[in-house]
Amino acid sequence: MKAVRLHAYHEPMRLDEVPEPTITGPHDVVVRVGGAGLCRTDVHIRDGWFAPAVPTELPLTLGHENAGWVHEVGPAVENVAVGDAVICHPQQSCGFCAACRTGDDMRCAMGLAFSGLTRGGGFAELLKTTDRAVLRLPAGLDPVAVAPHADAGLTVMHAVRKAVSLLGPGTRVVVVGVGGLGHIAVQCLRALCAAEVIAVDPDPDAQKLALDCGAHHAVPASSVAEQVADLTGGAGAEAVIDFVGEGNSIANGLAMTRNNGAYYIVGYGGEIRISAIDMITTERRIIGNLVG
Amino acid sequence: MKAVRLHAYHEPMRLDEVPEPTITGPHDVVVRVGGAGLCRTDVHIRDGWFAPAVPTELPLTLGHENAGWVHEVGPAVENVAVGDAVICHPQQSCGFCAACRTGDDMRCAMGLAFSGLTRGGGFAELLKTTDRAVLRLPAGLDPVAVAPHADAGLTVMHAVRKAVSLLGPGTRVVVVGVGGLGHIAVQCLRALCAAEVIAVDPDPDAQKLALDCGAHHAVPASSVAEQVADLTGGAGAEAVIDFVGEGNSIANGLAMTRNNGAYYIVGYGGEIRISAIDMITTERRIIGNLVG
Amino acid sequence: MKAVRLHAYHEPMRLDEVPEPTITGPHDVVVRVGGAGLCRTDVHIRDGWFAPAVPTELPLTLGHENAGWVHEVGPAVENVAVGDAVICHPQQSCGFCAACRTGDDMRCAMGLAFSGLTRGGGFAELLKTTDRAVLRLPAGLDPVAVAPHADAGLTVMHAVRKAVSLLGPGTRVVVVGVGGLGHIAVQCLRALCAAEVIAVDPDPDAQKLALDCGAHHAVPASSVAEQVADLTGGAGAEAVIDFVGEGNSIANGLAMTRNNGAYYIVGYGGEIRISAIDMITTERRIIGNLVG
Amino acid sequence: MKAVRLHAYHEPMRLDEVPEPTITGPHDVVVRVGGAGLCRTDVHIRDGWFAPAVPTELPLTLGHENAGWVHEVGPAVENVAVGDAVICHPQQSCGFCAACRTGDDMRCAMGLAFSGLTRGGGFAELLKTTDRAVLRLPAGLDPVAVAPHADAGLTVMHAVRKAVSLLGPGTRVVVVGVGGLGHIAVQCLRALCAAEVIAVDPDPDAQKLALDCGAHHAVPASSVAEQVADLTGGAGAEAVIDFVGEGNSIANGLAMTRNNGAYYIVGYGGEIRISAIDMITTERRIIGNLVG
């Protein structure tokens, strides 16, 4: 079958012909890929950002935002059948450790088994995964349309759910970066809480998208400090969710966070740097966020 | 009356003769000081650390950990009477704003009105404060003995209460620094949760104090990384409460924090510095903590 | 001044001429009544339902949903000034006990001091209350329009806030009774969570009002069991908020509550009756709700 | 093999010779029973209490509190191996539905599959269950000693965990009934919170056991109302956990519950009966509790 593989860090991926995956374990599931999202993390993987922390053998088929149709299943698979439309969580967890039993599969005791990072991903015709990592789609949902939700949507919901506990009526939330994740965040926030949503993006098209998605305000990054100060009476927002995480986004994001509020970092690339006395007197919180 | 006042930053305080405070508002309370704790923050105030953020006129009587007996009250004071033994919260809040009405007096809409920082403190014979900032002591409690709890005890409970939500059975918490706050933290943690308590301090006497206070383990700072790793199977602790906050305490504290765990910073002086990618992949949280 | 007073239980109230209230304590506030809501609880007070539990002297001016303009203030009052438009919380709490300091004023250590129940209410030209019980209205809000929120709105928000923690995406909430409280509940639920809102009322006008307020479904009480079963796949709703609380409303409400879900009782008059084995196997919760 | 089976409701169980269970599915696990607890629920099952709600075919081997050693496993079982010492959760859940994925296995979408209730239990030499329902014991734990924790211990922890959120310093919790569950509850409460623990039991030996387990007070049921009133200044306890649930235990338990407090019902047999007005003015909560 065809697969798009990374052969060396910092180099373009190549379209290769590789053997089809086969069922080897009782819980294996092979999915015919319908859609496979391209994420900024794929660029970071290509550039070797994860190499120090996550041991990976190259060549590697990337792609961790996958959906498609079940092609073949192992003998113990009961939750899906051949032909089912499914979306694929990138992590293939054990299901039996304490973390998995409470829904915290990303911290499975077996460690990371992540499509497109520690094992072959969805930039291919077929993807091998496990029963626990596939979820049958409701009738009428097209795998191609929903594939990015396997990571982008899930990551957004994971961060937004944490923020919602701070977002009662009369509060404000800033969404930094209205890209693949940010425009979903705006919609989730509008559905899940009563906070005023302020979206930040330098791109006028992204600002328009934010407003179309339900943001109450969309402001350019250049004047965000002043505008958020204006909108919040100078106090800042109860929650800031940063989908950029590089350049001056982190310093700006922290500056926009109200005392006793929380700054959720989702994008990455930059560095957090803040004095202890500033953290303490403002009593802010900095919250890391991974895939949900 | 006598008062110990700061006349210039970085210089020793001086024992001055000053006029006694008088009742000027309906909610005023003047307290005859029984005990006034000396806190590391007094040293930081002396050295001007707060001067950029908190406008203060010198000379200033320091002292924000006060207790004593009510000496005189304004005409609207109903919660205490002359002669009552009281402990004094350093912040004199309005009681009517949204923050005060939910117990978040440190974020009173009237701003900071803090004994020994923005107004005269307890290093004097008499302290002027307000009814809302004094709490009658139960019979048998000596103001001299409990004065430090007005800040040290309250700050500890505030941070520990946040941490306790993560500290179910089978979890671990590290207390960094077994000084005026840390030794209270060990006791609060033992009373409030089932976590294993690991205390860290370079001083053998402090280690002994930690064990006397109920810590399960007391380790020197020099080998803390290895010892916490040993005690937690390499994963780190669900919560780390850092009462030092300077030197390598912050970097060490973050390194000891388990994935999805929280690092609570209470001490200050140093800088937090961590890459966004590290925050995200580990999904840790950094939580600032002020007086409760 | 004119006041509408209850002279004997079960008898109609009478329009009396009574002396105007005067300032006697430092925290007193006299409000010129703009609007005073009539609540079903007023009918229950008239009929003596509270007499066994709440000692009340007759004649009594009823009315606990009040708003108006500050007419006169005691010498220690600082949060409002004469002429301010205010809404009045019925409870006049001390502000200094542990309950008041955490916003739980209904459980003030001084006990109930409730306009129109334990002391004179707002069915009069002037209402005497205290500074802590009045809240200045934002510019543009008319006291006459918002008076019912002093009890009806607050009670709804109090119950809805509790329910919202159970109401994530994909959940259902049933609002039983679309009257003075229920139609506010529908709006609060739509603003605060993503649950599907099912309103129940026998009156077609009330059903229409529910839909206008944003309910996803409005069903008559007669067929509610079947319809809620249909809408929830037979499982029932995660939360049921019962603003009726009499007749078969309680039994129906419990029957519509999903396993592990919660039944919030706000209306009263009836009796809750359920076997322990039924409570345990279904693991439901029954939650009493007072004014917020 | 030998098995103790129920042949008809209300009749004694009989010791039968039955075929040994065999592996038929990939996730099956057969356990050689080391210990099987006898629970009051077994008596209630014998007496047909569950027959209306839970369809069961007789004869049935009872026993839902089981532990032992793995005897045989299906081909997809990976979390345990033959010879492992295990404790058995009575419920055999699917692991793939939304409930199972968040640790709420008792509400598995596949329904109840409960050892000793809907399928054969542990009063036999061998017990057939599934991989997800067995948990390997740490080295040194004897299955015989821990078997009752499979239900009794788990049920207690489930109820206690709910209560702990209300049990800050200075609060009180009443444990009603110091039997198989109650004496575990006293220990869990002492380990998990700072509340004062008041145990209630008519039996002086049970009172002594409660004190040995760490209860602060142990009082006879006859005078409990007065004694709890004395110990709580008349207000009642923030939480009452009722392991009896019949006779006057429910009425007493509700009467001992403080305003805004919670009554957790675990034992069963009786009826909850309380007027809506009483629930509302006291704002109490009644919480059903099943196996954890």
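Read from first to last, the chains carry the letters A, B, C and D; within each, the first residue is number 1.
The rule we apply is simple: contacts are C-beta pairs under 8 Å (C-beta built on N, C-alpha and C of every residue); 3 or more make two chains touch, one makes a residue touch a chain.
Quick caveat: nothing in here was measured; it's all calculated off a predicted structure.
Rotation angle, subunit A onto subunit B, C-alpha superposition: 180 degrees, expressed as a multiple of 5.
In terms of C-beta pairs in contact, C-D outnumbers the other of B-D and C-D.
For the pair subunit C and subunit D, the distance between mean C-alpha positions equals 38 Å. Distance between chain centres (mean CA atoms), subunit B to subunit D: 42 Å. Counting partner chains per residue, subunit C has no residue touching two or more of them. In terms of which chains touch, the assembly is arranged so that all chains touch all other chains. Considering their complex, residues 44, 49, 53, 104, 106-107, 245-246, 250, 259-260, 265-277, 279-290 of subunit B touch subunit A. Only residues 26-27, 74-76, 78-79, 94-96, 101-103, 131-132 of subunit C touch subunit B when the two sit together in their complex.
Listing the residues of subunit B that touch subunit D in their complex gives 168-169, 191-194.
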